[in-house]
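Both of the next two complexes hold chain A, though its partner changes from chain B to chain C.
== the complex of A and B ==
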């Protein structure tokens, strides 16, 4: 069982979802423990695989399904799972987030989608299967299939939300399909030229035959990268994201917001580094010249739009768009430290976004609104929730010792070493915007001043609320504990950042990224 | 600032001084609003533990040793390391001893005014003191940055304690200035040093890495110096000083300890650390354009003193006076001579004692009479002779009259200026002392020698005993 750990990662949620679908007949209450247990099993598989990867000689674990062999040249027809340190790290993030959200989901799923628990959990587990599969697969076409698995279940999960969710989902379907189709088209070109779909195989053929000059490959590169950029909601392809996440059920947005965009960043990094190769992606194309500038535009626009929001979930949605800009920028400044920063930011951003969305869910449940005006006095009402929420917020701002500080530190270092001043400036700018966003929230909660600046209380700490409105009234433990877990993960990843970064450094060692210290 | 050959000993006491308030917060929050006496006992207990931990380190330092405590390895080459040297210990002593005094004062003040949310107040007060200890005992730039940020954030609920519109404005200015400078000026400067020095293998340790910045070109050096000086905006160097008067909306104990002692002193403490222990006096002396920093410090001193003259609100007047006094400290550091830096270090301690007296008096006046403005103080000296007497002594110390503390530090500053052949700095010092006389003495003079207008006689007496320090 141990040597198959990597397969168990997918088997647990996949069969869990089948079980949920079967349980539809009457025993809906069992779906929750089934989902939690499958996530625990998958997480066990993930941790076991990480151990195997770290223990193995080349830091990779390859697992071939169904008795295919990869002996042919070019490598591979068949389904290979190829876990190196990067993929297993991101898989662990997916599984960890999945477990925490599954724990959290008990009450909100019952309340928001009554009667549909089994469908919800079926889709939920399939979603996790898809996302974990994206991280683990070693095959460019399987990657497409798994992207679609994740996307289709995502559509279903979102559409279960409020009335407007259907329209938002439709929007998402259109853009998501365009993105995935572009990617598939790109993979088609790659297959024509290289004759293989295995990622390692593609890379070998490109290296051996010097295919970088080929126009076909250039087109394939553009198609693949643009397709992924659409899927990850990189500005200006972000239009689907805010509506989808705001109108989705609480649990859906808590699962999708931390993971979907981050996993797509992983796909981009995987494509650029492992499939096309560093030279092809960064040296022989002009992307490194203009991508940082697109990132600047993306971050500025997303940050400004986040400023304009008056509703927590919507504001968080635009924050995600800005954070996507951070990570894309970290990759395209083409630099060792920037790459570390991007990968680390994928991990830390997943943790802090999870924290924020779980907190927003609790606020929504208690205050019946996530609009800024309904937040007054929440500190005294639900102190633990707000503490957890703001630990996530401080991490987004980048205050030490949260994990957000360390990823930002590496991104800044990367920008400095590669002398991409525009990227540095925009990082500073968006940091300031985040400060404004979160301290504005703190103000709203903590002070008795309305938006237009009128005093609502009578001074001396009177918030203009009745005693009942400010009395201690925390959310249910089944939701609170996951939030506190998420908040402690934010801190723990921050405190143990060196261990994570050392793993990332092992992964990056084989790629010849410029470290560029020459003064 | 200690000699590098000093013996280093591992000791947990700096950690105790740092952690004790953090642990105490749980006790304070647990006791809560309903068990006031217990809550205040906890605050006292923690303050005393901290102060005794700090004071007990004096003999070790006196025997020529340096205390270190390793908490956590942040980056491969950069530890979060607490180290106690002379300068840090002096600052820690001042802050922790004054915290005990402030707690005593705060109990009288907060209860006297029936303030709300006192539990929150005491909790965040303890957290800020913990951060202050962290800064005092930091051993490298990154460590000091961590605690600096912790202090900025943990003082926000104290500044906005009143929770009204004025508090919002004050709080916004406060955080806006402090986080803008620390995230946008300080952080790039930090990463700049960490990335480019020694091929990225540098800890920016205050002891081991002094003067390594000299490897940069002249223009980079001066840019870095600017980023650091302005980045530590808690030092209140003009034009980044406006947060300080804005933050005066806080209750007086906060203004007293945080804005005369802990927060602003953390700012100048960091500046001195950077000047003396990161750049090193040698590098500074060889730097072109370093004179400009002296000029900026002098301008801060003079302009803030002039503004203080025009303020009628007593706390605002004291705030601008603080900016001016911080200017002295930064001036000493920018002079880059042994005497000048010595003067700065002394002035940190001297001004802390003098200014906290003044703030305590201002608070006592407010609690007893509800008066906030200098022009209202006529005849107050008869009613509150002890308070106004203390105010007089505090004023004289800040002005720098010979037997009192303020004189000694100014003397060293002047010597430092002369070492550098900067006679004009001495002129600035004299001029500003004169201005100090003009804006501080009238307060006490009005109180003692001007008779009160009759209709204002409301028959109040001395402030509660807890307010008299």
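== the complex of A and C ==
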């Protein structure tokens, strides 16, 4: 059982989703414990696999489905699951977020989609299966299939929301299909040239035959990367994201917002480093020259659009677009520290986005609105929720005890070492924008300031609110505990950041990334 | 170069499949991005995916090769084994045995086709889901034209009080919140002149929602006859109503009753009886509402 731990990661949620689909006939209330239990099982598999990976010699665990062998050349007949430190870290993030959201989901799912609980949990677990599979698979075509599994379940989950959600999902379907299809086309070109679909095998063939000069591989590179950029909502292709996440049900947005974009960034890192190789991706293509500038445009536009929003969920959606810009920039500045920052930021951004969206869900439930005007005096009403929400917010800004600080630290270090000053400047600019965003929120939530800016209170401690508006009225425990859990994860990952960074450094040791000044 | 026709050969004989796949890909991309009708977008999406399938299948083509199933003379377990010396070692082991490189040359590579089977399944699932979404959009907004959809969504957002979240559930609680809001902010909108247009907008919102209800009911009644007719009539109807609403909003000086009358006049003539009755009810509702202003 232990040696199959990597397979259990997928088997638990997959069979859990099947069980939920069967339970549709009768006992819908069992779906919630089934979902939570299968997430616990999957998380156990993930932790077990992490132990195996760290204990193994080359820091990789390879698992081949169906009893095929890897002896052939080029490597790989049949589907291989290939877990190294990067993939298992991101898998653990996926499973952890999935577990916390599953715990959180009990009440919102019953209230927002009554009568559809079993369908919801079926899609939920399939979504987690797809995302964890994307992280673990070692096969380029299998990756496409899992991307589509995650995308299709995501469409279904989002469309369960308000009336507008269907229209927003339609745009997502169109853009998501373009992205995934371009990736598939790129995989086709890779297959023509290398004759294998196994990621390690592709890399071996490229290295052995020096295929970097071939036009076919260049086309494949462009198609794959552009396809992934569309899927991760990088700035010019971000149009589907804000509407889809705003109109989705609470649980959906708190599951998809932290995970989908980050997992696609993982795919990009995997493709660049492990499949095409460092030399091919960064030295022989022109992407390193112009991508940081594209990132600059992306971050500036996303930050400005986030400033213009008057609604928490929509603002957070634009923040995600800006954060995607951070991580893409950290990859393309082509630097050791930037890459560490990028990978660490995938982890920390998932934690803090989860925190913010869980908090936004609780605010929506109590205040019946997430618009800025409806938030006055919420802190005295629900102090724990707002504390959790602002721990996520401080992490987005990058205040020291939270994990956002440390990942941004590495990103800035990378920008300095590689002398990409434009990236550095835009990181600072976006940090300031986020300070404005969150302190504006704090002002509204703690102080009694009306929309026109006049002070409605009558001195200290008096917010000008009625007794009912300020009475202590915290959200239900089943939603509050996951939020506090997420907030504590943000802090714990921040405090123990060195352990995570050491793991990432082990992963990056085999790649020959420029370090600049060594310190 | 042109005389011996090498370019012609290269472009149109050897790589015809690839040229067709690129053209199809671009047609599909154009349809997905530029077309206004959601169904046409989906047709574009199908063409796009089919182009990729054509590409993969073209990769797998091998002249003179056959499908990758053991030929009788190649079968190591069959009764037609011709070359016993070659297969003598395999008689002890029972699994299938790898063929010689020469023999393999007679087979086509099955992998691209197998991959495309998966891709076709994915494409079907995507298309089905997108069609279901189209249906949901049509039920919600009464149109599948993208520009009309956008204007309708915008109008709905304008009408709904911006301080209240746009959520379909808890509507009763939402109205109470609205009331509280309007009570708690007497300073901001104190003059009656500023209050009037707000009230009018709300009334318009209510009437519009009722008209959409009428539309859906009419569609249900007509859809039993011919479906294209129904969609056509509803789109024209929605266009007409849109023009009237914009007109009424521009001429805000007009009394409200006149605007509502012009709206009812501009509607297309009733085609089925249920619709007419529904229209009557809305008209009566309008009348009952108008004296309040």
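We take it that the second predicted complex is superposed on the first by the 514 of 519 C-alpha atoms of A that agree within 3 Å, B and C clash if a C-alpha of one lies under 4 Å from a C-alpha of the other, contacts with A are read in each partner's own complex, and residues count from 1 in each chain.
The criterion applied here is as follows: contacts are C-beta pairs under 8 Å (C-beta built on N, C-alpha and C of every residue); 3 or more make two chains touch, one makes a residue touch a chain.
Not measured: the values here are computed from a predicted model.
Asks: Fit or clash for chain B plus chain C once both are placed on chain A?
Replies: They fit: once the shared chain is superposed, the two partners occupy separate space.
Asks: Applying the document's definition of touch, where does A:431 land relative to chain B and chain C: first, second, both, or neither?
Replies: Only chain B; A:431 stays clear of chain C.
Asks: Between chain B (first) and chain C (second), which, if any, makes contact with A:446: first, second, both or neither?
Replies: A:446 contacts chain B only, not chain C.
Asks: According to the stated criteria, A:394 is in contact with first (chain B), second (chain C), both, or neither; which is it?
Replies: first
Asks: Could you look at A:498 and tell me whether it touches chain B, chain C, both or neither (first, second, both, neither)?
Replies: In the superposition, A:498 contacts chain B only.
Asks: Should A:236 be classified as contacting the first partner (chain B), the second (chain C), both, or neither?
Replies: In the superposition, A:236 contacts neither chain B nor chain C.
Asks: Just to be sure I read the superposition right, which of the two partners does A:174 touch: chain B = first, chain C = second, or both, or neither?
Replies: The second partner, chain C, only.
Asks: Could you tell me the angle at the CA centre of chain A between the CA centres of chain B and chain C, given to the nearest 10 degrees?
Replies: 130
Asks: Using the superposition on chain A described above, determine whether A:374 touches chain B (first), chain C (second), both, or neither.
Replies: Touch status of A:374: second partner only.
Asks: Can A:514 be said to touch chain B (first), chain C (second), both, or neither?
Replies: neither
Asks: By how many Å are the closest C-alpha atoms of chain B and chain C apart after the superposition?
Replies: So the smallest C-alpha to C-alpha spacing between these two chains is 17 Å.
Asks: So chain A touches chain B in one structure and chain C in the other; where do those two contact lists coincide?
Replies: Common interface on chain A, chain B vs chain C: nothing in common.
Asks: Would you tell me which residues of chain B are touching chain A in their complex?
Replies: Touching chain A: residues 72-76, 114-117, 145-146, 149-150, 153, 156-157, 160-165, 167-168, 171-172, 175, 179-180, 183-184, 187-188, 191-192, 194-196, 199-200 of chain B.
Asks: In the complex formed with chain C, which residues of chain A make contact?
Replies: By the definition above, chain A touches chain C via 111-112, 141, 144-145, 148, 152, 155-156, 159, 162-164, 166-167, 169-170, 173-174, 177-178, 181, 184-185, 188, 191-192, 197, 247, 310-311, 364, 368-371, 373-374, 450-452.
Asks: Quick one: which bits of chain A touch chain B in the complex? Just the residue numbers, please.
Replies: 337, 394, 397-401, 409, 412-413, 416-417, 424, 428, 431-432, 435, 439, 442-443, 446-449, 453-455, 457, 459-463, 495, 497-498, 517, 519
Asks: Under the definition above, what is the set of chain C residues touching chain A in their complex?
Replies: Interface residues on the chain C side: 25, 29, 32, 38, 41, 45, 48-49, 52, 55-56, 59, 111-112, 115, 118-119, 122, 125-126, 129-130, 133-134, 136-137, 140-141, 149, 153, 156, 162-170, 173-174, 177, 185, 188.
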